[in-house]
Amino acid sequence: MSEKPRKFKGGVHPNDSKALSKSSPIQDAPLLETYKVIMHQNIGAPPELVVKKGDAVKKGDLLAKAGGFVSVPLHAPTSGTVKAIDKCPGPTGMAVPSIEITADGEDEWGATFEPITDWKNCDPAVLKQRVWDAGIVGMGGAGFPAHVKLSPPEGKVIDTLILNGAECEPYLTADHRIMLEQAEDVVLGAAIIARILGLETAVIGVEENKPDAISQLTEIAGKYNVTVQALPVNYPQGAEKQLIYAITGREVPIGKLPMDVNCVVQNVASAVAIAEAVVKGRPSIDRITTVTGKPVVNPGNWRFRLGTPIEKALELVGGVNTQPAKLLLGGPMMGIAQSSLGVTIMKNTSGILLVAADEVSLYTSEPCIRCGRCVEVCPMSILPATISQAVENKRFDWAEELNVMACIECGSCSYVCPSHRPLNQHFKRGKIEIQAQLRKKK
Amino acid sequence: MEDRDCRSLFHCYDAFLFLGVEKHEVVEVMLSEFLVITVGAILVNNFVLSKFLGICPFLGVSKKLDTALGMSGAVIFVMTLASLVSSLINTFLLVPMELEFLQTLVFIVVIASLVQLVEIILQKVSAKLYESLGIFLPLITTNCAVLGCVVLNAKAAPEAIQSTWYGATIYGFCSAVGFALALVLFSSLREKLDLANVPKAFEGTAISLITAGILAMAFMGFSGLV
Amino acid sequence: MNIALIAIIAVGGLGAILGVIIGIIAKAFAVEVDERIEGVEDRLPGANCGGCGYAGCSDFAKGVVAEKAVPGECPVCSADDVRSIAEYLGIVAEEKEKMVAVVRCSGDCANTVRSLYNGVRDCRSAVLVAGGAKGCDYGCLGFGSCADACPFGAIEIRDGLAVVHADLCVGCENCVAACPKDLIIMTPAAVDVHVYCNSPEKGAAKRQVCKTACIACRKCVKASGEEDYMLVDGFLIRTNYENPPPPDLVEASACPTSALRLGTKHAAGAYEGASK
Amino acid sequence: MSETQSTIQMPDPTRLVVSNSPHIRDNQSINKIMFTVVLAMLPACLAGIWFFGFAALKVLLLCTVSCVVIEEGWNKLMKRASTWKDGSAILTGILLGMNLNAGVPWWVCVLGGVLAIILGKQLFGGLGYNPFNPALVARVGLLIGLPEIMTTWNATRGADVVTSATPLGMAVGDTSLGNLLSGNVGGCLGETSAIALLIGGAILLFFKLIKWQVPVAFIGSVFVITGIAYWINPAEYHSPVFHVLSGGLLLGAFFMATDMVTSPMTKKGSLIFGLGCGIMTSAIRLWGSYPEGVSFSILFMNALTPLIDRSTISKPFGYTAPIKGESK
């Protein structure tokens, strides 16, 4: 894998602003009095509640069990009592069901899983079950259950495992810090996932702007027959399809999954979680999140328990200097804007970002001048300008013809648009309408 | 210029010989008039944008590119066939019998029957296209472009190539292609205009006519080409 | 021979020959068309709104002739139209009740908390971003997707709230599908008392974001006395359209948030000059 | 802890904006693009003013001012937001001025402005919606309507009344290459100086405001076609170098055919667009009745742009052709 990585077509180079937080080591967030754990933290079916109001729980105890194969269980972030099963603001702006836990301050572990130290000789099925039981999802942002990716259906051969350490989103440094400080766990996780998939090797793809992480990983990687691949800096290098292309040269067909080109991609944070679940028997109850942005007083990387409200996270970093224009969960390119400080940290919250008013003025959309910049930067080689006009005029069949479904919503087109058109929002709308039409047909 | 441009057309030579046309006649046709007819009818004297014939379907069937393509096909078919049939009738029936005064009447009958044929066949073969063409299909009957083309052929000077049956057919075909070109160009522009933010007062036909005018201006550049 | 005779023979002969050819071709390419379809279509309103569930009036006409649909399924047709189609086809018309749309939200700009939203001015797009620019997760976004969907111009956006002009509404239900918050329901036109709120949240939570939310105080239920005019559904009260309340219930119940109000009072001045 | 908490400033949630991702943008905007193009046109304008004197400056200013005034007037009339700040009207005005000869009367400039802004742009809904290049609509309109005024060219560095022919209209071999390069020849005020236009083109290419495919295909195809004609009959036709350097070819290829709004978006489409312009320009120059075909050919290709765009859609990343027999 030492060959030069391929460069995918398109992409943009936003100012990465990672310097704000990249040299700040991961700190553990202090224990809070209450946690509001959002129930549905994964793509797929919501989990089924197993506790009720007033129940005493220990740290790591099951709160909800998986509600199907494409679903993961949820565990208590600390010991305490279930105060309420209620609603709290969700990341999409709608109120969502959540479990409120009042901490008892003991932070005592309950019955955790048996650590599997001899994972090299362990049955892959047992390991995979452990990944599922520990409730691990893709921690890069999507929140897709990890065990599903590790279960290729009959007939699908997996020959490449890629760990995604590209972290191409500006501002975010959580994965960077993980690769620096927990390099051992990252590589171990890679080896365990490889074992589950029956592979000998794995590749960790890291963008070149993190040379310290690359050298740190390369040092350890040899131990487990894992290689590290430096990738050119180009947003969206960390998008699954672009990453697979850069490393293997394979193009994932539209509407298909990485496993259709014999690849599995896992985020480095998920790999660490998997390593901890297997070797230490620790369920997924916390995650490392970057709290950053120019208005933030002390940007940094923190280990937050699930259910930590953003408000508390912001208190930890000393609040803000000035009123930010936007509060985002995730990075500036794909993150979701929030209007409430009550939203809590979930398994896929890779960053809490406050964007200053001077970085993001409120744009009014002007007509498309057909400059073609969006076409140039689109990593999927579709025609964002035309598609957005199609959606704007509610011509969804036309949008479908123009392959709107191939859009990965990376936002590169909106980033470069001189007319400040909300292209990405149009695509989201188009995709949803087309899916609705397809469902109707069925 | 003429000497240089028509060499490539010599492969048609055998076909014309086969049809019983004299050799010197072929050379003459090839060298002087064929190009004049094609380039002339398609670009320079475009039926729609230069002669302003056939404006009704030009405006009526140009809302969608697909429909415009269907209409173009139908017009090319009708116009070519009408030119051929009318020319034959004119040469072998009306002129020998000194019935030239019946030309317009007969031509209309011929065109009407041809359109009827197209309509019947189209309804069976492609119901979708039939529906999208709607009223405009029967309207080809009264499409002045078709009658204009046929009349122009009949009125051509006896020594002009248009007065022969093959010349008339080529002219009919090329005029129809010119019509089709204008129609397709115009419909793709109108599809674009659909997305435009046209002032209320100019929506619809008004802006279409303005667009057609600018298109006609662009076609003016071809003048003098042949 | 007389020139006129020759002309007649020539043109007549030509016509005869062409006629025969057309006749033969028409036989060869004959397409069966039921004439009644056109007859039904002529009697339909031709709005092509799709409210019947068919692709358009022509498609619906085909369905009616094929006896897959009944004329009454057209939501736009008046009772007279339906009767005329039924008479034309010789079938019995079913009477139907006129339905109109009601937007179950009264949170206009003055009454609700809004968050700052920057993006596409369209409800279905806005809802993709943090649920839209409204404090209440269930309220009308006011970008007018329903008004765009209405082929009859019966919905108007008034001060950030969609308001139905009941006299223009024909009940085609296009707006129902257009609303991303599922706020629009079809109600019998004869009923004029509605609860303009659709939030299932607790009363206190609703009051934080909206002045005119239904807080389930049950005053209207009490005012109904023995009759079950109003139905309680968690923290929300709905009109019982099976047993609709009389208009004076609104005054009798004195709804503290005025979530319960007459359709004609949905928005301030909504029906100026309208016939109803 | 409570002390520090009270001093921590927290964001005010009611002032947080929600919007769709991405939340940052690069700092490009329409008016930046427009003013960069204006900057690229400056060398050619200055050359025009140098060679044609004060009259050229007057025409350029008149056109620009009338375009801006007409645009604003129209916006007022239509109750639309003011748009002159986006720079497109200024750009159109300068481009129009460059397409006129220095000696035109003042009312021709104003009439051109009306044609360009109202007929060419605003009737279609303003910037971004116009299918034809506004400056070209005006130029072609004027050329057809006022052929005498539009084809009478001022002589360089001379009095306003002295007229001379554009080199394209002259007999073969009348103009020196040096004069063509510097611009010391008759013609529209912005089209004469090849060097100034090339500098402008280089600026546009440097800032990636135009796709190289258009000028390369345009100029290349004119060069090849006129080259063939010259090779066959050098006595009758001008040399290809002459064709490239004279007339409005460079102006058209760099500044008008590349107009974003009216040219194809894809690279392949741009290539086809440039080729089409080149072929048509050559045909009109060699055989047509107008001495110059650049404006007509670009206008014609503008009309073809939607079709070109439609037929040159690139294959998306990971595109697989639908398997036959498999229903959607």
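Labels A, B, C and D are assigned to the chains in the order they are written; within every chain, residues are numbered from 1.
Convention: a contact is a pair of C-beta atoms (placed from the backbone, for glycine too) under 8 Å apart; a residue touches a chain by one contact, two chains touch by 3 or more.
Everything quoted here is computed from the prediction, not taken from an experiment.
Hopping across touching chains, the smallest step count from chain B to chain D is 1.
Chain centres here are Cα averages; for chain A and chain B they lie 61 Å apart. Chain A and chain D have CA centres that are 46 Å apart. Centre-to-centre spacing of chain C and chain D amounts to 49 Å, using the average Cα coordinate of each chain.
For chain D, residues that reach two or more other chains under the stated contact definition are 14-20, 125-126, 129. Listed for chain C are residues 115-116, 118-120, 128-130, each touching two or more other chains. Each of residues 195, 197 in chain B touches at least two other chains. In terms of which chains touch, the assembly is arranged so that all chains touch all other chains. Note for the complex: chain A touches chain C at residues 87, 92-95, 336-339, 362-363, 365, 392, 422, 425-426, 428-429, 432-433. In the complex of the two chains, the chain C residues touching chain A come out as 115-116, 118-120, 122, 124-125, 128-132, 137, 201. Put simply, chain A touches chain B in their complex at residues 367, 389, 392-393. Within the complex formed with chain B, the chain D residues making contact are 78, 119-120, 122-126, 129, 131-132, 137, 140-141, 144, 232, 280, 283-284, 287-290, 293, 295-297, 299-300, 302-304, 306-307, 310. On the side of chain A, the complex with chain D involves touching residues 8-9, 12, 14-15, 93, 170, 241, 245, 251-254, 256, 295, 297, 311, 314-315, 318-321, 323-328, 330, 332-341, 354-355, 359-360, 362-363, 366-373, 375, 379-383, 385-386, 402-403, 406, 409, 411-412, 414-420, 422, 424-425, 428.
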